[in-house]
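The same chain A turns up in both complexes below, where it pairs with chain B and then with chain C.
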Partner chain A sequence: MTDQTPHRQTEANVVLRQIGKPLERSDAEGKATGRTRYAGDYTMPSMLHGRVLRSELASARLKHLDASAARNLPGVLCVLTADELPDRLAATDIPGQTGQKRASTDRQILVREFIRHHGEPLALIAAETPAIAEKAHDLIEYEIEPLPGVYDIDSALGPDAPIVTEPDNIVGQHKIRKGNVDKGFAEADHIIENTFKTQFIEHAFLEPEVGLAWVDENGVINIRMSTQVIEHFRFIADALGVPHNKVRILGAMVGGGFGGKEDITVELYLALLAQATRRPVRLAYTREDSFLGHGKRHPFVISHKTGVTKQGKITALEVNIRADSGAYVFLSPYVLLYSAVAAPGPYRIDNVKIDSAAIATNNMYTSAFRGFGAAQACVAYEAQMDEIAKAIGIDRFELRRRNFMRTGDKTATGQTVESAIWSDECMTRALEALGEETKAEEPVKIGRGVATYQQSYGRITWLHDTAEAWVGIEIDGTVIVRSGVTDIGGGQVSALSQIAAESLGVGLEDVIIYHSDSAVTPLAGTTTATRALYMTGNAVHKASSILRGRMIDFAANELDVQPDEVDLANGQAFVVDDPSNFISLTDLAARGASEGLQRSELAMFRAPFTDPIDKETGQGPVFPDFTYGCHAVEVSVDTETGEVTVLKSVGAHDIGQAINPQAVEGQIEGGALMGQGYALSEELIYQEGKLVSPSFSEYLIPTSMDMPEIKTIILESRSGLGPFGAKGIGEPSFTPVAPAIANAVADAIGTRVFELPITPEKVVKVLSQSQTNGDLEQKLNKTPLLED
Partner chain B sequence: MSLEKAIPVKINGVPHELLARANETLLDCLRQHGQFEVKNGCEKGDCGACAVQIEGEAVDSCLTLTWTVEGRSITTLEGLNDTNKPHPLIAAFMEQGAVQCGYCTPGIIVAAEEMLRETLNPTDDDIALALSGNLCRCTGYTKIFAAIRQAATVLREGGGND
Partner chain C sequence: MLSEFDLEMPSDLQASLSSLPYATPLGGGTNLLVDLRARREKSKRLVWLGNIQAFREIKINAQQVSIGGGTTLSDILHSPAMAEAAPSLFNAARVFGGQMVRNRATVAGNICSGSPAADTVPPLLSLDATICLTNAEGCRSVPLDQFYTGFKTNLRRQDELITGLSWLVPNSNTANLFYKLARRKGDAISVVGVAVTVTREGDRCTHARIALGSVGPTVFRAKDAEAILAGGLLSEKLINDAAQKAMEQSKPIDDLRASANYRRHSVRVLTRRLITQAWHSLPEKTAHT
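On to the complex of A and B.
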């Protein structure tokens, strides 16, 4: 592997030929014709079918389990329980790439004695047909004894609370200290305090978790599956007790992820069943399995206390954040770190005190979900901005302008943001795009709201993130890229084609990408944390730039000119001042091959590496960089029924440089509707830890009938750390949507629902309360008059 | 377990026999037959990923028992695209960027194609209604609507395969 800076610093082209164009994505045709094979579409001869038996209670003791009837059923190859497994655990930490010791957050693979959440797996089955597996599932006899559980974070911190996670149910805590909040509050003219709550929600990707595993002639366990993270192969190997090179994970185009396919899902069960039966095994989750089988978005309780001057300058901010981490740790400590760093929003505040904690309960475990704690933080800080504006009688947009961080400012953890901060311009553009206000008649009221944000892209910098990519030119001049990246629908793979095509002067159709195979494609890290384009894009850009330099040197020799006179475009190397003097890439590659020119390159891109921040003050760099932007909405609220309708939804984001503007629009539009579901309709209901809404008829994601007019505005500061100055948009497109809607509803009805989702019931309730209060106020105001 | 029966059907114009037990769904049988473009999303009729047309009418194949479609004509996404020229809907989905993860796409195109046979001047309300049984979690539906409007225009102007 070459590890060097690009040979030649001449950027691909003065005029970009591929980047920034709304090109048809390389994966579009396969998907639109139905020819793309997803992980669930692969079969093998003599393939078995897997099934998982799950606990029906959330907190219980498994007294006994008898699988003999199931095992005796003809066509059942194996039933695995904890008794058949070695005494090992499964990692729930994020996959490390650097040999760092992982956090001690492991979970049991199958229940040995104590059941900690509804749906926790008790047994695994492999059978000749899905129907036999289902029958075997029903034949397993077991007895569970209910145990006292803990189902809310306040109870979990109580003196006699059952302990879900040792020693005290607190699984992650973070502090940020900046300036002196006492001094800041003393300088304030007003102090505004509010508490905001968010709910459990579900990723609801359309493709349930699925995979196919087989053991090959070398004893390697191969797993073809739907995942955001092929690099869990190491955790699978550790859980099985085999060397890392004996587990291979192959991806496929993923039918949606959003963070829900970031942790281990089916791969461990597949590996165990394939190892036990020595036959290929397919395991496809039902939708109910999917609801029960992966972590959810953390519900948060966030309290803000803000000091502000009469002029609207924020002088101090104190934030307390608590989140339900459920029965296992998973990514909760990281999610809570994100929320703490995000808590002040995109605002410059000199005196800050933030505390965040994740608390264990017997609810379903919570983990990664688009926005990753920073989204919940935004729900609170943007609602608080509107509440401050209302309390002190200042325009809410002007209040934001007076406090926005500006380019060159530092975050609350003291990290200087190196890229552009265009919050103000994004807000102005988003508001403009709302256009004329929609007219409505009683009892319907119209309201408008915005939310701005600061959302990181790239992983936490002390995780030392890296990505590798291989780029090669075939003898006929076509290009091959190998990257471990997984494509979860955002166009991650297609963007790499565009980058390689730009650097090497070919068309998108001349590039083929092999992706997401832990044994064959260079490891690129995870498709999470809005890092795929930033990290893998930079790796491909680096490899193809090195290759470009080498091809240009070779071409210059062939054309008898100096290398800096040569450019690559349209499948040719040509002299810039005399384009008639050229050589086709095909001829160049063939001649290079016969001369022994290396026509491939493996490159590694490294994000900035830092040490962890100070534990007591939270001071230090946390992320590579941040995206800034604004979402603005207009809603109508029927004040009789409480029904909220989103009429207009506008996302304006500075994404640095759009690699493919059409794909960027797609992210913003998708984020707009997902955020709308978060704001208005989506909620997983747990009763004593038991999920009572495990289907799409009970858990309501937005449909085509709920789609508002969505507008997207792409600003390009070209200041990001990604290829060609790109920032990230996957998570940022979602983060500000729900708070913008909440603010619009509050604007419409003059009072606020402090707890998501904003259902008709809650709207009617706060309206009747404010009516009562209003009547009371009126009475009190009138009383002196009557006495006169 | 009940016995398997051979159910004669036409799949995308070609006669086949689907082997099915009484309780087997058309979704499972079509996928066993190799029609992997028919997707399994929920098996409850909530998401529309498994939509196919039976005699031209879009239905959820997960809610359809195979024994009930004896002698019928079944069209999947593959059947809408059986010539060298892509169906205007498929071309429009590609051009408009209406495809992200792509898992909902086959069912949505199948539902949209039925609507476009009813009207080539669909309003947004027509489109919303036609797709109301199909969930998409990636796109926010915006580019899907744009693609369907584009396909309607192409078909109105006499484009397409026929």
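On to the complex of A and C.
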């Protein structure tokens, strides 16, 4: 890779002592031994237990609700209904510290009159024990009258469709216009059109939503909870009508988020119940609550029309994207923006026309989920690439190579990508790693597929994202980091500790980090959008670099040399050319302290700030930067039963610089698993808006028996905008997996399932419909496979 | 949330039988506790069978296998001779639930749950297993094939326990296979389960069993399909006819996991496949011992 290693030579020349090493994550031992306290492990004296009453219907009018029997039950402290709440709404937008005006996304806290989705909360209960809360839940009487609803995007757009939220059912729309598509299609030798569909899926984190709230002696509502976003404290304060400094959110290690703990979940109910009872309240969702209680991944319908020359050069692309946003807006407009920007994939296309729209229905609301719309876009554009290759008779990998964006190219919105674009390198490496093709006998067929992608890391640049971190050196030379970042299991805080350790010349074990406390740790923003390492990592790097400079200056003075002769490593400040001339960090810190040296630094990192893109053309910068990579798989398909087995699964990604390669592998392996479930087995089924598969007996995540060994290949261009040239890998590792599997299945059976998940039944169906199926028919005794 | 109930934990069989008329037997609880939590089951009194002495005993000799009423799926997998003595059951155990469930779940509980998707039942039917139903008075033997009377209904009386199961060890001319078709390889509810037994003498099939799961109100034997094979000179055509017949005897429903059509299709594919595979695994020349 050396001849291609671009751009940031300054970092590339630094000797790295901590960064890039597969160190045992600082959070590993506590989790492995069970000593880590998650939010659900906290209790308090005289703590109450909360419970949420939810609607059984998706579209209805609440005619009356009578909680008197529940309130009279001994041990019930309060039952809150909309009548007890002030007439306020809860914001569902991206939280920020920027003061940017936001889209109107508010929702009712409890149902006042109209029920818009299955599971919408009707009442909140606090009681002495969970059993009493449960009993009270059953004692609340209410009457609801079903109303006509809309349950799919086509009917939601119909002329007489009921309106879910005023003024109409289109809750977000984006356009991208580049070049001239008519001209592009005129230049094409072939025009290929296809429509792809994806399904609702569930985050299925290990730890359902949970929290504990109490009001302290200053009247501050404290909420200890499992969340990706401690900065919802502002929305909570607004919803309660208290000043922002009267709500504090404390995190804990999070048992998985994937976007499902990005919106407000239990904290609003906890705050209301603690405020009403003035006692500590714990609220733990059951798995069923969790299935009903947070937003899902948007189902998408994506149509591609691609013009291409005989040589395989794409001349024009028209994409139409529609997604089901469910009953409340939440982050849908942003998700649809991501999908529009991502829609052309990592390809250089001169003439582009993209339209995306989020459509309201009475299904469960949809919001953030790893990949955030860009993942659904990839399901479509990578399947389309294989379909184009098949239609024009070009090798599918070669087709990609002929169209890949290369380093220095612009995106469809006219943004020049500052970092390396190594799609080709990643694809080549991933394909190599698949090795020899597995042999199989009829009726089993083997297929291979790849998917490449372009996935942003960091937030939309007109949200003006910032992150803060504080780094300090104790008098004994140990290091403390404070930052509001939440750790959702990806090794976020361990990576930050590693960065501080690198800069300050100590070991990972010498760093302790305090994190996720909205009142005490400097605010670092959300752990979402593959931004935690990029943003907070840069903030920690900045703070520790300043501190490093200060310590080196001080040491140079002590050692009687110039600062540029001094390095900081292994707990010492030493003269580079004469390492015997050194002072330990312990002595240095102690001496510094006695002379009033400031041994701490608070730093803010600011992402690039831009203006919003042009509304009509979508032109302008949208994200700080992008990650590129490839996932490749080999599958076997039983062409009689339709069963798909993933035999090999390889993720190759240019992540800029691995801070901790072990943690990166963890992300890629997790992405491979989650993407495989998305491709093959996971689906939330709503009937008339009602979730009919609210349990893990129907919602099928891949098990260890379904997963092959996953190979991970980490490429490091050191060209990213993160610390030490890092890019991001949290979302990117997921994005290409499902399309790679879909392409491999299509390769195996010679025809395509255009709709995820690719269940055995759908495979059998497309096989029986496909023209090429003569011999199979014969083998099966000449009876049709499936009667329709 | 679980409602309140009394739990008895007797250590001998007689004690458990004496409280049975008023209580619900609790094996591994992997069905019962789920049902209690979902409030489908309202029992206020449970008798746990896990303390009963020797209730998990597995005995295998050259002719016969017998297992106790408390035998778990893990016990089946850990019994060294079981792979030979009941290949289909052993294979069903391997794809049954996950490790934790296998450690708790009992074969008797699986039978009594009455689910058409119960994975041990097609294998046990294909092996002509007999169950032993015991009450305070004594024990009666019932062929498993006669046990079910309809969807989740069976011959067990309120005061009876399944205390054991037995079947004959398949001889060396007999093959016994099981396949579970599901939407996921591990820990999934069967879409279709097929178990077959085939005995071969030269070119002739002298004995056949085809048991089907998840394609009717109970697990059942496709007896008309078996009849096509038994006594016949086995050919591809005969196998196809039997597979076709098994499909016709299936009465599946559409549900979240699969359509009835796909299930019927799969019954035919899997029946044909398993019988073909079983047949070819057997020696052409009959071994006389």
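To be clear about the criterion, the second predicted complex is superposed on the first by the 757 of 788 C-alpha atoms of A that agree within 3 Å, B and C clash if a C-alpha of one lies under 4 Å from a C-alpha of the other, contacts with A are read in each partner's own complex, and residues count from 1 in each chain.
Criterion: a residue touches a chain if its C-beta (ideal position, glycine included) is under 8 Å from a C-beta of that chain, and two chains touch if they have at least 3 such contacts.
Values in this document were obtained by computation on a predicted structure and should not be read as measured data.
Chemist: Contacts for A:T759 in the overlay, against chain B (first) and chain C (second): which applies, first, second, both or neither?
Modeler: After superposition on chain A, A:T759 lies in contact with chain C alone.
Chemist: Which one hits more chain A residues, chain B or chain C?
Modeler: B
Chemist: Determine, under the contact definition given at the top, whether A:T703 touches first (chain B), second (chain C), both, or neither.
Modeler: It touches chain B and chain C both.
Chemist: Could you look at A:V692 and tell me whether it touches chain B, chain C, both or neither (first, second, both, neither)?
Modeler: second
Chemist: Kindly classify A:E669 by the partners it touches after superposition: chain B alone (first), chain C alone (second), both, or neither?
Modeler: first
Chemist: Name the contact category of A:E643: first (chain B only), second (chain C only), both, or neither.
Modeler: It touches chain C, and chain B stays clear.
Chemist: Does chain B (first) or chain C (second) touch A:T36, or do both, or does neither?
Modeler: Touch partner of A:T36: chain B, not chain C.
Chemist: Pick one for A:G596: touches chain B only (first), chain C only (second), both, or neither.
Modeler: Neither: A:G596 stays clear of chain B and chain C.
Chemist: For A:A131, using the defined touch cut-off, is the partner it touches chain B, chain C, both, or neither? Pick first, second, both or neither.
Modeler: both
Chemist: Taking the two structures together, which residues of chain A meet both chain B and chain C?
Modeler: Common to the two interfaces on chain A: residues 131, 697, 703-705.
Chemist: Applying the document's contact rule, which stretches of chain A touch chain C when the two form their complex?
Modeler: Residues 130-131, 134, 640-643, 645, 681, 685, 692-693, 697-698, 700, 702-706, 759-761, 764, 780-781, 783, 785-788 of chain A touch chain C in their complex.
Chemist: Please output the residues of chain C touching chain A within their complex, sorted ascending.
Modeler: Interface residues on chain C, with respect to chain A: 1, 95, 98, 181, 183-189, 191, 240, 243-244, 256-259, 261-262, 265-266, 268-270, 273.
Chemist: In the complex formed with chain A, which residues of chain B make contact?
Modeler: Interface residues on chain B, with respect to chain A: 1, 36-37, 39-44, 46-47, 49, 76-78, 81, 86, 90, 93-106, 109, 127-129, 131-132, 134-145.
Chemist: Of all residues in chain A, which touch chain B in the complex?
Modeler: 22, 24-25, 27-38, 40-41, 131, 203-208, 253-258, 284, 286-287, 488-491, 662-663, 665-666, 669-674, 695-697, 701, 703-705, 707, 710
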